[in-house]
Amino acid sequence: MIRYLVRRVLGGLVTVWFIATATFFAMHAVPGDPLLNDKAVTPEIRANLEARYGLDQPILTQYAIFLGHMARGDFGISFTQKNRSVNDIIREHFPVSAALGVLALVFAASGGIVWGALTAQYRNRLPDAVIMFLVILAISVPSFVVAALAQLGILYVNRWFDASVLPVAGWGQLRHALVPALVLGLGTMAFLTRLMRSSLLDVMDADYIKTARAKGVGPFRVFWRHQLRNAVLPVVTVLGPAVAGITTGGFVVELVFAIPGLGRYFVQAVQQLDYTVIMGTTVFYGAFLVAMVVLIDILYGLVDPRIRLQ
Amino acid sequence: MNEATTPMFPELPSSAFAPLSLPESEPLRQQPAASYWSDVWRKLRTNRRAFCSLLIILMLLVFTLIGPLLWPLDPAQPNLDLISRGPTLGGQAQVVDLSRPWVVPQVTSWPVSPVSNAQTLAAPVAIALVEPATTQAVRIQWDPVVGAAGYVVYRNDHQPESNQDLGLPLRTLFGGNQVGHEDRLRLRPGTYWYSVVATNGVDESPVYTTLAVDVHPGVRLRDLPQLGRAGQAGDFVELPAHPLGTDYLGRDLLARLMHGARVSLFIGLTAPLLFVALGALYGGVSGYIGGRTDRVLMAVVDFVIALPFLLFMILFKIAFGIGPGESGILPLLVALVLLSWPGAARLVRGQVLQVREAGYVQAAKLLGGSTLYLVFRHLLPSTFGVLLVALTFAVPSAIFTEAFLSFIGMGVVPPTPSWGSMCNDGMKTMMSHPHELIFPAAMISVTVLAFNLFGDGLRDALDTQLGEPGK
Amino acid sequence: MDAALLEVRDLKVVFDTADGTTHAVRGVSLSVRAGETLAVVGESGCGKSVSFQSLLGLTPTPPGRILDGSAVFNGQTLIENGTLAASVQRGRDIGMIFQDPMASMNPTMRIGDQIAEPLRIHQGLSRRAAHQRAIQLLQQVRIPEPASRVRQYPFEFSGGMLQRAMIAMALGVQPKLLIADEPTTALDVTIQAQILDLLRGMKAGNNMAMVLITHDLGVVAETADRVAVMYAGEVVESTDVESAFERPAHPYTLGLRQSIPDPGAAAGGLTTIPGTPPDLSQPIAGCAYAPRCPYAMRVCAQQAPPPFDLPVDEHGLRRWSRCWLQHPKAPRIKALDQSARGVGDGVA
Amino acid sequence: MALLELRSVRKHFTLGRGRKVHAVDDIDLEVRSQEVLGLVGESGSGKSTLARVITGLHSRDEGSILFDGQPLPRLYRGADFRRLASQMQMIFQDPYSSLNSRMTVSEIVGEGLRLRGVPLTQRQQAAATWLERVGLRPEHLNRYAHEFSGGQRQRIGIARALITEPRFLVCDEPISALDVSVQAQVVNLLGELQENLGLTLLFIAHDLSMVRYISDRMAVMYLGALMEVGPADEVYFKPRHPYTQLLISSNPVADPRQRGRRKVSTGEVGSPVNVPVGCRFADRCPHAMAECRTQTPRLRPVGADHKVACFLY
């Protein structure tokens, strides 16, 4: 198990390095001098940046300096916001995104498991067909459309009750987060529902379920003790990609619902070509996602005795 | 013991016990002699959802390829008269010459002696249209009211019930001799109720006069060439239909959807084809060679998969840069291919590893089949099914990616329309003109839904096909 | 002889598939007496597993469906008029073990917990008592170091050990009947012998009846008291084990017997059964075996044979065969009257 | 005269972390011209690996193989396969995965001829002839493999292997996946073809009575090593090696009157991963001696044409 842990963490670090490298060279391929674009770069920032990133140095030296900064967790200073470091920006906006993401993940995972279990129980009957159609629908409608429709929906609900039942946009309280998190988690929920369904169907036909029933284990206990745990295992393995989906899906939802998260900030930075913010955020997100994947792998190892004990 | 018993032997003629000749050969288990793919096709055809999806996909292709020929409106032609209009089917419009400015009718001879108490002011009389009312302009005038120092003109979309219900105040005219108004404010075909109230300069009279005006479509004389029409002021001309309405620049939504479909479907079909082919080649080679080479090649795949997809799409888009006048489609395509091939590579590698050990491949090897023969005769055809499924599922995700990037302004560059950028535009006017969002969003959703359902059906058909009989 | 412990009459089970209805079990009648071992023999797809799984309500429904029939176990109704009795309590009086022990154990649950589960359900043992009992049971099925083995997971066991654990799990509550569905098919021959030996010992110790579902005639000869031969969803012959090998009364039983090499004789030809079993999704006219039967008569193609009684066996138990050849008017077949190859005068 | 001679053939698979599967360990064996050599053993004994090493589907780590007096390459290249295609062929265990479901029977059976450039019409003719020889009908030529039952598929596999007219046929558990009544059909067909065509057969199975029935000689493997080889009846009725004795007495005999004759062993089948020095069977052997755990026994003759790897003899 320790071996497994060490291997996973080391693999994760190498992957982060790869992401940082890819980011660096991708940004270096940007035509022209990033400091010479039409965005206003004050002389102080310019001097600061040149010193920091040694932009006059050969590319490999720059790369080494860049890696050094990244390793220390220093992502530089924003181009567009005077004297604001990328670290500050991440520190301020990431918790918002994280809170939204966690809520969305909770919605997605619980919804996915419940709906998946339901469809599997009613396999090939009406509830199954209905839920599965909704699932495919949820997968097929772009998140920004869902977000916009949800916003319209809140508007009409508020108008109907003639009161602010839920805020249309903004951030601050739990009620601000509910609908955006639901929208954000919807695609993942649909994906997990599908997976949970097929996984449960596989498990339901497994011989050990027959054994359990032959032993006289009641249907409820068969479901809880024997089916669910085995069916959830493969679902755990895809939580990594699910976190990635929710993270990037957050861009749109934050944009539409005017939530001051890192995603919205990133999109703004992209639109303003704020290079340091783009690079810093990309590496940060990359590292975050890799950490999540490693964490989930380890979690999976803990849940599955076949991995834990080998 | 009460098992099934035979109390008496059934009475039978002795001829019943004559020997029966055995059939010469055994029958086959299944009747239809269908090839692999024709069998898959048969299964697919009987899957109603998948078949409908296939029809929808074909219709979409027709829409994209043939649509613009049948619907020749220019998707880039703005029309500031028709900003954010809902769906219309065109119809007649009267040509209006608005080149001469409208002069408010003035009554020079009217004696001006303002009344101090607005309560005593009468309602205007003889309120009337000056010219036929069109969506370009409604011109009304009325007879002056004795003692009025000015007038307020209101417009409402229903018959006012009281002087509190007069609607939108359009204009306040100061000077009792100005007795007319030209309304050019966002007129739509339909009926408007114009109310005129006299004022003493401070307060309004409690009484009013209302005129119901039927507004008909109108078109400006100078816009006629643009629409490909000719005529004089007062003529009626046929207007172009906008069955899906217009956008915030007055461009025809249907034409934009058709041209946007070209972009979205081009990216949605080309990118998956490219990256699935690339991935298949890579994974196939890796799986077939195996060993150390395989491990190294697959490590690369792992790295590329670990890249946060959308972030790197954006990064690559920025890195490739977009010159002036370019649409940004090519960088999008390249970025998509660069980041998406590993999925197919893994899939094909797995399949190759599995099939490589199958008896029929080993048998072919023993029969003297060269590597090329094995790959092309046995391995590739066996991966074809999963590749096809991967392809159908890659199409919606590519369409999604394009839409997402265009939505955040990182995709196709305006004015080239794509469904994603149209959604982005539509978002801005979502609250007042939802059709601008709904139509492109529906196109994306229907397309993605069709591909998803088709992919599901295809996978089912292939799965049951691969399942062996009797098991 | 005491009355039957399990009595199944005319059981019919179908599977609804996209391509139509498959009649997997087309009217199975059999009985098991207390303490005896009944071997149910047949080739894959003949419905032997489905019959017994549906008795316990283990057939996945849908697509499976009990069409008709009844079953009584120990005076208690299991199936009546094709409906599974709601009161069926599985696992206490009827235990079941399956073919593939690796797949039949829950991979994420400790062996001990899986063995303890029926003890806690049916005997109301506490967690601790059930755990202790599980250790005892593992010891009984001769698993070394049972105290540490109970805490292990199935993947840490070998196939043979898992099958022992399965037996411990099924027999822990001391059922009156054990249904063993191909318990040794997935195992190596040396392990197979151990498992059969263990089953035999446990059965005697618990005075338990056993239904042994198998396709291996060697296993039948080793273990069974009586034999029910199944073909195409029906029991075609029900007889004692000696008669099954020495005096088969159905051509299919004879065919099976002749399809395996005779251990005694020097190399002689194997007599094969031509053809393949019928497609059970198609209607079958007459005897299902007729197209492959070397002795088929006209009546066989037209009318399904009823069960014909045969002389009772040495214990006075009923024997019967569903074959028109047993009709008094039918010609006598030498091969059937005196089995083609003498059995018993083989190896010393 | 030996058609095939194996000398100290070894094949190990590396599992990583220093673990090695001793799939085939120092096997000396000969297959004589026009005989049927039966090879038995439990799972993990390396029978199938040996079959693959012989046909070249696996390379071997050490040792040499002579076919008809000519050494076979350690690692086969395409040209070797082509050259040997008309010398040795193989029949596979799984009747389902051994036929390509995208090909017609005619294409499957004719594949060997196609690879030698035989024109289509001739190929089809030959395929039809071979179908009849294996008991199928020429009408089946244009059918696809999934329409056939397991036994029929095995017949198609046999036709495919024999169409190149090889002298040597390796049958890797060809009947294990089949029903009892169908097993007999396939075994009879193989026996018939062997006799009529003068084939040499290596017949691998775990069903001892079936192997004895079809074989002239019989070889017994345990955990990658050869334990005993000799005339089939002798090995079956007078097994010398304790493992063979155990195997044969464990084998259930289809005769209720001989019930209880079996010896039941204790212990498990060992693992071929990192086998210890000495005799592999020592841990389960009732006669194990001290030297069994320190030295590896070599095959030694114990009678006419009968060899055993055991220190008891």
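Before moving on, here are some points about what is shown:
Going in written order, the chains are labelled A, B, C and D, and every chain counts its residues from 1.
FYI, a contact is a pair of C-beta atoms (placed from the backbone, for glycine too) under 8 Å apart; a residue touches a chain by one contact, two chains touch by 3 or more.
Just so it is clear, the model here is predicted, and its values are computed rather than measured.
Touching subunit A and subunit D at once are the following chains: B, C. A summary of chain positions shows that the Cα centroid lying nearest the centre of all protein Cα atoms is that of chain A. The greatest centre-to-centre distance from subunit D, using averaged C-alpha positions, is reached by B. If you average the Cα atoms of subunit B and of subunit C, the two centres end up 61 Å apart.
Remark: subunit A and subunit C have CA centroids separated by 53 Å (rounded to whole angstrom).
Centroids built from CA atoms put subunit D at 63 Å from subunit B. Subunit A and subunit B have CA centres that are 27 Å apart.
Residue positions of subunit B touching 2 or more other chains: 26, 29, 470.
The multi-chain contact residues of subunit C, meaning those touching 2 or more other chains, are 44, 274, 276.
Shared contact sites, meaning residues of subunit A that touch two or more other chains, are absent. Applying the touch definition to every pair of chains gives A-B, A-C, B-C, B-D, C-D. Remark: subunit D residues 42-43, 149, 151-152, 179-185, 187-188, 206, 208-210, 212-213, 233, 237, 246-247, 249-259, 262-266, 268-269 touch subunit C in the complex. On the side of subunit B, the complex with subunit D involves touching residues 25-26, 28-30, 33-37, 358-360, 362-371, 373, 378, 381-382, 465-466, 468-470. Interface of subunit C with subunit D (complex): residues 43-44, 142, 158, 160-161, 188-194, 196-197, 215-222, 224, 241-242, 244-245, 255-261, 263-264, 266-267, 269-274, 276, 343-344, 346-347. Within the complex formed with subunit B, the subunit C residues making contact are 4, 7, 9-10, 29-31, 44-45, 238, 274-276, 279, 290-303, 306-309, 317-318, 320, 324, 327-331.
Note for the complex: subunit A touches subunit C at residues 124, 204-208, 210-218, 225-226, 229-230, 233, 303-306, 309.
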